[in-house]
Amino acid sequence: VAATASATRALAAEGEDVILNLPEHTTGLGQPVAALGYGQPSKWEANLQRRESPGLTRVSQASVSFTPLQGLFGIITPSGLHFERHHQGWWDIDPSKHRLMVHGDDGMVKRPRVFTMDDLMRLPSVSRIHFIECGANSAPEWGNVALPSVQYTHGMLSCSEFTGVLLSTLLEMCGIDKKRAKYVLAEGADGSSMTRTISIEQAMDDVIVAWGMNGEMLRPENGYPLRLVVPGVQGVSWVKYLRRIKVGDMKWATKDEAIHYVDLMPDGTHRQYTGIQECKSVITTPSGGQTLLDRGYYNVTGLAWSGRGTIKRVDVSFDGGRNWRTARLEGPILPKALTRFNIDWVWDGKPAILQSRAIDSTGYVQPKINQLRAVRGTRSIYHQNAIQSWLVSENGEVSNVQVY
Amino acid sequence: VAATASATRALAAEGEDVILNLPEHTTGLGQPVAALGYGQPSKWEANLQRRESPGLTRVSQASVSFTPLQGLFGIITPSGLHFERHHQGWWDIDPSKHRLMVHGDDGMVKRPRVFTMDDLMRLPSVSRIHFIECGANSAPEWGNVALPSVQYTHGMLSCSEFTGVLLSTLLEMCGIDKKRAKYVLAEGADGSSMTRTISIEQAMDDVIVAWGMNGEMLRPENGYPLRLVVPGVQGVSWVKYLRRIKVGDMKWATKDEAIHYVDLMPDGTHRQYTGIQECKSVITTPSGGQTLLDRGYYNVTGLAWSGRGTIKRVDVSFDGGRNWRTARLEGPILPKALTRFNIDWVWDGKPAILQSRAIDSTGYVQPKINQLRAVRGTRSIYHQNAIQSWLVSENGEVSNVQVY
Amino acid sequence: QANKPWHEIGRDAKPAEIKAWNIDVRPDFKGLPKGSGSVKLGEQVWEAQCASCHGVFGESNEVFTPIVGGTTKEDIQRGRVKNLEEGSNYPQRTTMMKVATISTLWDYINRAMPWNNPKSLKVEEVYGVLAYILNLADVVPEDFVLSDQNIAEVQQRMPNRNGMVFYEPLWRVDGRGDVQNVACMRDCPVQVSIRSVLPEHARDAHGNIREQNRVIGPVRGADTTR
Amino acid sequence: QANKPWHEIGRDAKPAEIKAWNIDVRPDFKGLPKGSGSVKLGEQVWEAQCASCHGVFGESNEVFTPIVGGTTKEDIQRGRVKNLEEGSNYPQRTTMMKVATISTLWDYINRAMPWNNPKSLKVEEVYGVLAYILNLADVVPEDFVLSDQNIAEVQQRMPNRNGMVFYEPLWRVDGRGDVQNVACMRDCPVQVSIRSVLPEHARDAHGNIREQNRVIGPVRGADTTR
C-alpha cells in the first residue's frame, strides 16, 4: 500500500494521469459516420434539459417548460431546448393534411383562399433570426425573489432562425380591403384553437407564416408544420399549428387577450393588448444556483433583447448597480433578436452583486424592479423586464436577489 | 356503393374533408410539456437524414456522411444533420478528463500551458457564425456528372454559430516568440490524432478554439468537447477533439496535407497547402432528384459562401447560363458564413437549366467547370467550386447535368 | 397594379369550408350563432362535462384557476371588481373577476371546452353552460335563458366590464413604455442592503440545481439538497 | 505590456506531459526519436498487424487505397512519379506515388496505425515497418535498416519528392485563385447542348431519392427505382 501511494505521488508530480496515460479514444478506433442519421448531444450534456417549474401550473398540457439558459452559448437556441408553452397539449400533425385558410367576413378579403403546405412552401420566403419570449417570463418575481436559477427566472426565452412567407405576401395575394382592414386574427389547429389579434400594421410589416426553424422544419412542440412569427411580440401571439388568418376591423378579445396576458394595475384596472416585449437582459453565467470554481478571472456572459429594435449597448455592474462598465457585444446584432454580451471580471473572493442593463435602438434603458413597481405595482404578471441581480457569496455560490 | 360514391362527390364539391371534418388534434387534448426534455424533429421529417455515399469510402469510420441540403432552410444547419467526416471514428469523450496543451519546441512558447475545459470556458469568448466545407466537397464531379442529388454533390457543407476562445488569446497568454513563430500545429485526441498546419497569421486572426455550436456544446461527431474553427478553410483543418496546439517555424506536412488534400495538377505535380474554400453557390430547391409538383411560380432557393469574405451578389440563370438575374439575399450576410438566396421563377413546363453564380467581397466570380478544368485539369479532387447546373425536364424531374 | 407571379398558388376557399372554421365571436357579437340555452340545461352540461375539472360551483383550483368567485352584486352594478383593487385579500383572480367581455367566454367555451373534448358542445349547450357560469356568479337568475337576442344586455352586467384599459404603447412596436431607467455609470444611487433574497424553501423547490448544470465549465450547479 | 487578467488561468505543462504528447515529426526530422528498425523486423510487424487491411504487399484496395504501387526506379531517380502525369492508366494513386516527405509516413504510422490500435507500435517497429513499405516500393533494399541517422538520405530517394508545389493563393485568405469567371448577364456565350448527364446506373446508386426528400413542399423526391 505504501509503495502504491508513493507511486501515485510520483506520477502526480510528473503530471496528470489523463495526459500521461493516453485515453482509450486516443488509442482505439471510434464509431462510424451516420451511426446516428440524426445526431444527438453528448451523453455528458444530459443535465441541460427543458424543465417544468413545479407549482406554476396544475396540469402539464397547459403549462411551460423552460430553456436552460444557464448552459447555453451565443444567440441560437438549440431547437431541442426551445421553451414550450402549450394550452391544450402539443401534436405531431400530418403536414400533408394541414391547411391554412385566409379570409374575412363581409368582403374584407376579396379572394378567400386555402393553402396546402405544398402551396405555402412555393411562395417567396424569408429567413430571419428572432427571439420569442413569453409575456409571463420572469412573472413570479414582480414581488419578491422566488426562483433559484436563470432557467426559471428567464427561460421562457428562445431565439431561432425562422423561414417562411411574409404574412403580407399572403394578405396581398388574397386581396384585403386596405381601407377597412385593421386587425388580423390568427388561429391554431390544436384543441384550444388558440386565437390572437395582430395589428394590420405589423401583419403588413414583419410577421412571418413560418415552417422553418434553425434550418429544418419547426419542431412539433413549436407548431409543426406552421406557426406565426410575430417579431418583438409575446410568444402567445406566435400561434402554433396555424390554420386560419382572418382579417377584420375590431380586436377580438380572445380568451388569451381578455382573461390572461392582461396586466393588472394598482388601480384595479387591467391593461389589455400589451403585446410588446420591451428591452431586457440577463447574465446567464454566472447565475443563480451556480458556484464559481475559484477566485480570479471570469468571462461574464449574458443575453440582451428588445421587441422594439436592436440592442445598442449593455452595461454590467458588479457592485449592485452603483458602478457600471460597458460589455462587448457579439455579432450579429439583429432587430428583435437575442444579442450575446461578454465582459471581463476578476472575482476577488468577496461578495459581489452582478447586474446587466440593456439599452435598445430607441434609447430605452432597461428599468429597475422598483421603477417598474412604482408605475405598475406588483400584480401585473406580464412584461417584467427588470434588471436581474445575482449575489456571489464568499463561498462562490450565486443566488437570486433583488437590489435597487 | 353508388350512394357512397355520390356522397363522397358531394363532400368534395362542398370542400376538402381535412377542413370539413375536424382532425383529432383540433378536437382532443395533446401531449404535456417536457414530454421530451430534449426535443426531436417531427416523425414526418424522417426522410431528412445524413447519409453515406455508397462506394465513396471502404469503411465507415474513415468516411463521410452528407447533410441533406435539399430539405434545409436559412443558413443554420441543424446540429443533428451536420455533415460528418471521420478518419478514425468518433467518440463521446468525458469532458472532465479532456486537456488542451499549448507549447512549442526550443522556447517558441515561453510558458507552455495545460488547460482543462473549466479553464478554457472561463476565458473571454466569442460567438460567430461560420460555414465549414470539406475540401473534397463536389469532388466526384471534376470530370463528369456522377451524383444524383445536392445532398451528395454539395452536402459536405454546414454552417453553425460557434462559441469559444480566440486561438490568439491562448497564444498570447502562453507567450509565443512573435519573431520566430510562423505556423501552428493543431492536433486531435482521436485515434488518428489528426494534425494540421495553420498559418500564424490566421491563428492570430479569427481562428477559434470552440466548445459551443448552435447554442449548446459541440456534438460528439463534431469534436465534443473542443474543436478548432478555422473560418474559410477546408473542414479537415477544423481539428476535432483538440488536445494540442504547437507553435513552430515550419509547415508539418502531416498525412492530410502531404498525401490527401493535395491537388493533382495536369503536369503531375501536386499543389500543397491549398486550404481556402473559394466562393461557391448552389441551388438547393429545386435540385437533383426532386420533381416539381406543377407548372407555375416557384421560389428558387440556395446557398452561397466564400472562404475569403462575404457574399456580395448571387445571380441565377434559368437557361443554362445564357441570361442571368440577380437573386435576393437573406440576412445576416456574414464573413465566411453561408448566405441564403431566393429568386422568383415561373416554370412554363418546358425544359430549363438552372444555375447559380456567387460573387464575393473580393470581386471573385464563381467559375464554370470548364474554366476550372482549363487550369487544374480533372484530377485535383479538392476545391471544386464550379457553377452547378440542374436540368428541369418536361415531366418536372430535376437532374444533375453539366452545361457551360 | 399587376398580380404577382405567385397569384394563382393556393385555391379559393369554399363557403362550407369557411363556415366550418369561421367560429370566432367578437365583442360586438359578430360571429355569434343564433340560439339559446337555459341555466338549467347548462347545469346538466356543467355537472356532466365540466365539474370534474372546475368543481361543481366553478370554484376548483385543482386543474385551473377558479372560474367563479370574488365578484359581488356591487361589482355587477359598477362594472368594476373591487377584489382586483390593491389590498384585496381575495385568494385568486377568478375568470369572472377578470373577464370584461361575455363574447370571450362564449367563443372560448365553444372552441376549447371541455378541455379533453373541445368543439364537442352544441350551440345551445354553449349558451346554457355559459348561462350556468353567469348564474353561479349572480349575473343572471336561475331561470335565465341566454340567447343571441339578450346577450348584449347581459354584457351590461359583466362584473368587470369597465375594468379594461387599452394601453397603446405596449401594443405598438413604435410605442414608448411608461417605465424607463437612466444609464447612470458612476456612483449611482442604490441602497446598500439586499431587498429580497431567495427563500430557503425555494432553493430546492425545482430539484437539485447541481443536476441542472453542465459537469464542466467556469461554474458548477450548487448542491441545493444541502 | 501588462498581463491580461486571465493570465493565470490554466497551469504550466510539465516536461513529462509535453514529452507524452509531443509526437509530431516534421519534414526536417525535428521530433523524430532516435532509433532504427530493419526491413526484416518491419516485415514481421506488417504481416502481423498491417497486412490484414493493407494486403501483404501493401497492394490492397479493400480497406483503403493501396499504400504501395505505381512507382518506378526512374521515379526514384527523378523524384517525380510518371504515373501521376496526365494520360497515365495506373488505376490508383497509391500512398507511395503521392507522398513527398518520408517524415509524413513516420509521423502518421506512429500516431495512427494500426488503425484499430493506434500508438501501440514501439519506435523500432515504426522504423521497421516504414522500412518494409519503402522496400516494397524499391526505395530501400531488403537488408536495409532505417534509422534517424540515414532517414535524410532515404528522403532523397522518395519517388515523388520533387512533386509538391506550394500554391500560396489557396493558402492565404487574402490570396487570389487562378480561376475566375466574369459576371456576364445577357446573351452570354454557352454551348446549347448538355455536356454531361447523370449516368443511368448512378440514378439509383444512392438509394431511392424519393425517400430522401420531405413529404411536403414545392417538390417531391423522384422515385429513382423506376
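Every chain is named by a letter (A, B, C and D) in the order it is written, and numbering of its residues begins at 1.
Operating definition for what follows: a contact is a pair of C-beta atoms (placed from the backbone, for glycine too) under 8 Å apart; a residue touches a chain by one contact, two chains touch by 3 or more.
A quick note: this is a predicted structure, and the numbers were derived from the prediction, not measured.
Asks: With subunit A excluded and the rest untouched, write the groups of chains still joined, or say one piece.
Replies: So the chains, subunit A excluded, remain one piece.
Asks: On a C-alpha centroid basis, what's the spacing between subunit A and subunit B, in Å?
Replies: Taking the average C-alpha coordinate of subunit A and of subunit B, the gap between them is 27 Å.
Asks: Could you please state the distance in Å, as a whole number, between where the Cα atoms of subunit C are centred and where those of subunit D are centred?
Replies: The answer is 66 Å.
Asks: Could you state the distance in Å from the CA-based centre of subunit B to that of subunit D?
Replies: From the centre of subunit B to the centre of subunit D is 22 Å.
Asks: So which stretches of subunit C touch two or more other chains?
Replies: Residue numbers touching two or more other chains: 6, 9, 13, 17, 21, 115, 118-119, 214-218.
Asks: List, in ascending order, every residue of subunit B touching at least 2 other chains.
Replies: Within subunit B, the residues that touch at least two other chains are 16, 19, 26-29, 44-45, 48-49, 51, 59, 71, 88, 95, 101, 114, 116, 118, 122-124, 191, 193, 217, 225, 243, 293, 296-299, 344.
Asks: Specify the contact topology among the chains shown, as one of line, ring, star, complete or other.
Replies: Chain contacts: none of line, ring, star or complete; other.
Asks: Going by the touch rule stated at the top, which chains touch which?
Replies: Applying the touch criterion to every chain pair yields A-B, A-C, A-D, B-C, B-D.
Asks: Can you check the complex and tell me which residues of subunit A touch subunit C?
Replies: So the residues of subunit A touching subunit C come out as 44-45, 47-49, 51, 53-55, 58-59, 62, 68, 70-71, 87-88, 101-103, 105, 111-116, 119, 122-124, 144-149, 151-152, 169, 172-173, 185, 187, 191-193, 195, 199, 201-202, 205, 232, 243-244, 246, 248, 250-255, 258-259, 262-276, 278, 285-286, 288-293, 298-299, 307-308, 313, 315, 320-324, 353, 357, 359, 362, 364-368, 371-372, 374-377, 379, 383, 387, 391, 397-404.
Asks: Give the list of subunit A residues in touch with subunit B in this complex.
Replies: 16, 18-19, 23, 25-45, 48-52, 59-61, 63-65, 71-82, 84-86, 88-95, 97-99, 101, 114, 118, 122-129, 161-163, 189-191, 193, 211-212, 214-221, 224-225, 241, 243, 293, 296-299, 301, 328, 330-332, 334, 340, 342, 344
Asks: Report the residues of subunit A in contact with subunit D in the complex, numbered from low to high.
Replies: So the residues of subunit A in touch with subunit D come to 14-16, 19-20, 22, 26-29, 95-96, 116-118, 121-122, 217, 225, 296-297, 344, 346.
Asks: Could you please specify the touching residues of subunit C with respect to subunit A in the complex?
Replies: Subunit C reaches subunit A through residues 3-4, 6-7, 9-13, 17-18, 21-24, 26-28, 30-31, 61-64, 80-82, 84-86, 93, 95, 98-101, 103-105, 107-108, 111-112, 115, 118-119, 160, 163-167, 169-188, 190-192, 194-199, 202-207, 209, 211-222, 224.
Asks: Mind pulling up the subunit C residues that touch subunit B in the complex?
Replies: Contacts found on subunit C: 5-6, 8-9, 13-14, 16-17, 20-21, 115-120, 214-218.
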